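In the two complexes that follow, chain A is the common piece, with chain B as its partner first and chain C second.
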Partner chain A sequence: MSRFLNFDTLSLHAGQVVDPEFGARATPIYQTTSYVFPDTDTASSIFNLERGGHAYSRITNPTVGVLEQRIAALEGGSAAVCTASGMAATFCAITAILGQGDHIVASTQMYGGNISLMKNTLPRFGITTTFVDPTDTDGFRAAIQDNTKLIYGELIGNPGLDILDLEAIARIGADSQVPVMIDATFNTPYLCRCFDYGANVTVHSVTKWMGGHGTAIGGAVVDGGNFDWGATDKFPTITEPYAPFSGINLWEEFGPSAFATRIRAEAMRDIGPSMSPMNAFLLLQGIETLSLRMDKHLSNTMILLDYLSSHEQVSWVNHPSLPAHSSHELAKKYLPKGAGSIISFGVKGGRAAGKAFIENVELASHLANVGDAKTLVIHPATTTHSRIDADALVAAGITEDMVRLSVGLEDVADIKADFENGFRAAKRISKG
Partner chain B sequence: MGFRTRQIHAGVTPDPMTGAILTPIYQTTTYVQPSVDEYLSKGFTYSRSGNPTVKALELKLTDLEGGVDCACFGTGMSAVLATMLAFLEAGKHAIVSDVAYGGTYRLSTKILSRFGIDYTFADTSNAAAVAAAVRDNTALILTETPANPTMKCSDIAAISEIAKKAGAVHAVDNTFLTPYYQRPFELGADISIHSTTKYMDGHNATVGGAVISNSEEHATAVRFIQNSTGTIMSPQVAWLTLQGCKTLSVRMDAQSASAMAIAEFLEAHPKVAQVAYPGLKSFAQHELSSKQASGYGAMLWFEVKGGLVAGKQLMDNIELWSLAENLGSVESLITHPVTMTHADVEKAERDRVGIIDGLVRVSVGLEDTEDLIKALSDALDQV
Partner chain C sequence: MYFAVNGKQVFATTGGKPFDSSKPVVIFLHGSGFDHTVWNLQSRFFAFRDYAVLALDLPGHTNSEGPPLQSIEAMADWLNDVVETVDAQNISLVAHSQGCLIALEYASRYPERLRSVSFIASGLATPVNEFLLNAAENDPEAAIAMMLGWGFGPAGQMHQGPIPGNSMLSAGRKVMRGNAPKSLAADLHACNDYQNGKPAAANVAGSVQVIVAGKDRMAPRQATNELIEHLHGPNVNLIPESGHLVPQEVPDQCRALLKAFIFSNNPTT
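On to the complex of A and B.
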């Protein structure tokens, strides 16, 4: 099977060994808490990380394991750990290597939950963050401190859609001996394999395009296997003996997957944000059609960009595929297939008109998710980004008239017809 | 081994590859064969014909009933259908309990009768009436004991004897008591049928059915129908039912104890005209029930004085008890068979078999007995 390495083939087969007992073609759903050990020696070697194997589904589960291997293969990483949500993935990835007194340099344009984690939660444990405009690459270099241990950003920023200059950021990371962690949710490995451009870790909310059907919450951390943790003494959680496992040195024992192993040994064991086997099964189903869905998401996006750009009720349209977008050249470089299926646009008439639009579309669902097969719309200022203050709102590029659109797979003529109703209502409101 | 041990362990062995203590959910359509020559060597080809998760449930139910094989189905009705299709054909005759579940009556009179199968609806609570209904071409006797909703009981041993003499198969719908309380094979029956939706699942989570056979010959006939008609159970349903079965005896004991207390409460209540519960001394077939089963179950019916109008008043006002179809779950349910479960049975037929207009059927759940009684008492006060 390792002879077949192309993306669509991997999205169907990677990680799955056909069930040896019955030959079941689909991955069985191991909805079980624990595993009967054949003998005590096997049990103790599984507990000591001396051999692979399953002990308890908080740590590993065979169904979740197939998903982990599949995502790692698609991303071109050394290993992956799946988690109960995308936020759990981010939290586990950061806390695997950072602790009290450490520092992050992060993009200002990120999902509100990521910003809140770094701005409100991590400081309570002594981890601070300097936020930098993602278009200001030099600003990332300038923000690096002696105690900086992580550069973090979203390849396609949320919701401004500015693209990180990943190669330049990776160079800064390499020069500073700091890993670069990218939230790759909006691009998925189909649009950009971030490790090819020097990123060291990716995190995903697989709830979104990876799963693609709005059925299961989940996250993933992928270890790029390309960071030299031993080059400095900055990363003792990876390079120093780990007491709970008889003083094992993860860097020596696991090399390119040492980071993922740390998450498995610590976060999954002591914190426990495990993905359920049923969710893993649903997400595996979703990944089987990832490229087909992404192609259709992207073609619908291009058609809607044309439609919105020429619509009289639209004051502005933002998407990196538009030549006017400041990240257009970066989008062409890193995302040649297309720069994702999120569009933001302004409805003429400001806040009230934006609200009227959202309340009068019918096919497009008003909800706080993206990457569903169904078209979704939301008003970020009052929902996803409502818990961050006014200054941060401006910094994140959010205006009060902004509608964020996650383009779905419906017939695009129907999406347009639906939007016409929304725009008519917005027009009535703005005329007073 | 005892029932409680078997309800947990029968049919389930730790997954040989991972040790997973629970049977995985094999949500798969097909099975990769090692080679042409080894086709079927691992036991499965296509999930209509067999599925490892469904198989685990089938093994468990076979063990609990003490039979030789079990075939699971998408619903209890498809289990009844499979039994009829396995043992009947055009020109054959079946004797069916005249108080069988309304769906069984509908299946017989409205569907299978179109294919040249002849039915007699007999009062199976009277074995002599069954003997009298036997014809040369009788191939199947289908009883349901206790019956839904009249609670009439059929003498399994006596009817099995009649069936044997007639060369007919005796199938018993054992849904109300489950093998924990009643094991038809020990009394001579050939087939045990279940709506696993009821006590086997127990949590209102799934619909499913099962046919357990007590001989290889009958098992083969039922399996053939299962595969060729495709009315199968899904792996997800089988998995949930496997979990439900683990607490079957504990739920049955607790729910039956509550049912006994509720039956006694209702029997003593001035606004209640009559109560039917096999555990009551006043129940006409109390002796038969005590003889052929080790428990009385958690189903009963009563009639409020004032008939249909009073019964409706009670059901519209009652709290805690849900006005809902289904039975056997941990949630207590209350139903009006005449307008709900048995609406398809003609009024003349209902009256003849004792499904009177004012009959209120209750399925006693797992809530605290005193809460259930208080809710009934409050509702009766409002009648």
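On to the complex of A and C.
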């Protein structure tokens, strides 16, 4: 019986053809805008999608291409398109199939950028969204309308860390002939390959755990290749002739890669949110160690969950690995290696104590990012959500004492020692 | 495009141009469990160079109505029905793997409209091992793993590919997952049962091309050599680094070889 290459091997090798001229072992950085055509026939073939190849780096680039094929391989997708950021990936993926008059059903518990895109920006283009509590699976079915063309959610929701019941949501999508798109940033394909549970498209901020070092912004759209676009007339951008490429029918010509090809042919060409080759190189370096880093993120997370859960200055701890979390059973099903390395917890003493904790840790970095190799903390009530009153914070799932922690790869004893400084300061505030 | 053959819907991509039977025709035949998309880096090329193109889905595959046909002979008869339905003349047949057996049988029995035949990665016969036959019937996912594991060479296994961002291995798996439950076992049994290769090859007249993959683990070199021996003066081309899935793994070399052969033997002017 034959078998395929495994995750760690693909993380190191997938997509790369060793440089034939100099034998460079690392993926070269092709820092070029454009490519010399050997003849006019080859040039016209590339422009007409008769053959693969590179014409202009806004649309494709060899370094970015290696990253795309590596991500597609790790996800089990038929194709990937990398973009300048995760939000660019989300926008490109949505607008590849939705336009004026179309509708999305999306989770309420998502990254603020995703919420804002659907709540504020997409309506300007005639695309509306009904938001549904991610734990209310039946609510997703009930929210489907005749003009619904997408179900969207995060497997590990932000900020509550609720886990989407992906198989159930995918069944709703299949029953309704609506694709299911998952923001898989928090899980990465190492923790869960969403296509195995019926998702049709994933989007990533590869800035986070995939890259893992906080050095490059980037995004990716991965085509699961498992949605039958031709089974309905809802998706003309995939199944009808596309004029700019001589009326090509992407579904007929590219089958399981038709969705990704649409993004390449339209969004990357007409909008141009392309990833730089340098960023692709940096992100490839990160992905080479994805599983090693994730294992360490997860082991540190489990130790810190124990530490925080028993700490006298901590009022509550939230993580799907904890039995008390409402998504604990779903986490065991979809994320058996671990439910990610974001922890939220409450510091006794409220807003002032939370602020004091943040201001008195030194090893942990106070910033608005997650998924770095380094431990990161932020106090939403005094930063990202500082202009929101207490009631509105509760509605957003954020409490005044809440600290969001992105667990890094440091020696966990040093993280705990650093946190002790923060907790001592918080205790002084709460007593004072 | 869709058209009816014997009361069943048949799908073929025409490469992005309307099918015009007055032009020289290139018909592409896929292998077991696959579909027309295996040819997407060849079919569009010929369509935009004044050929009428049909990259077919065999019955019971992807967009063509089932049931799947049970023998290579029946598939050759079906191909003749397709040709008559679309009124194709001056045909260049391009076939991969199982498609080659169909092409062999068709060319021996229906030579009138043929101008050339290109066999890619095939032998004179295609015996299928018992494990794969059993898996195709009882565990399609295992059968797909075997076929893609053997079918793709090193580049495919590394998810490399000529289209930036695309994984030909994963895309192939998606196509096969769609087709395997309904047609893979029938395809493989048809290949395994086909015994008419030698007399059929002896009957094939006209221009014939054989493209051999140097790292083919599904069509053993000995079987390919037998095909070459029994054909009359074939044009033989070796692509050393390719695995079995030549049209996807090395599309540029494959297309260049097809272009030279078909342009010469079935010109558009």
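A few notes on this one:
Methods note: the second predicted complex is superposed on the first by the 412 of 432 C-alpha atoms of A that agree within 3 Å, B and C clash if a C-alpha of one lies under 4 Å from a C-alpha of the other, contacts with A are read in each partner's own complex, and residues count from 1 in each chain.
Just so it is clear, a contact is a pair of C-beta atoms (placed from the backbone, for glycine too) under 8 Å apart; a residue touches a chain by one contact, two chains touch by 3 or more.
The structure displayed is predicted, hence computed values, not measured ones.
By the touch criterion stated above, A:247 is placed in contact with chain C alone, chain B being left untouched. When the two structures are aligned on the shared chain, A:417 is found in touch with neither chain B nor chain C. Shared-chain residue A:281: touches chain B; no touch with chain C.
Legend: residue contacts after superposition of the two complexes on their common chain; A:142 is shown touching neither chain B nor chain C. In the superposition on chain A, contact of A:54 is made with both chain B and chain C.
In the overlay built on the shared chain, the residue A:20 is in contact with chain B alone; chain C does not reach it. In the superposition on chain A, A:33 makes contact with chain B only, while chain C stays out of contact range. In the superposed model, C is the one of chain B and chain C that contacts more residues of chain A. Once both structures are placed on chain A, chain A residues 53-54, 62 are touched by chain B and, in the other complex, by chain C. For chain C in complex with chain A, the residues that touch the partner chain are 13, 15-16, 35-37, 40-41, 43-45, 48, 62-63, 131, 142, 145-146, 148-150, 155, 157-167, 169-171, 173-175, 177, 251-252, 255. Of all residues in chain B, those touching chain A in their complex are 14-22, 24-34, 42-44, 52, 239. Those residues of chain A that touch chain B in the complex are listed here as 18-38, 53-54, 62-63, 278, 281.
Interface of chain A with chain C (complex): residues 1-5, 10, 13-17, 45, 48-54, 60-62, 64-65, 68-70, 72-73, 76-82, 224-226, 230, 245-249, 252-257, 260, 264.
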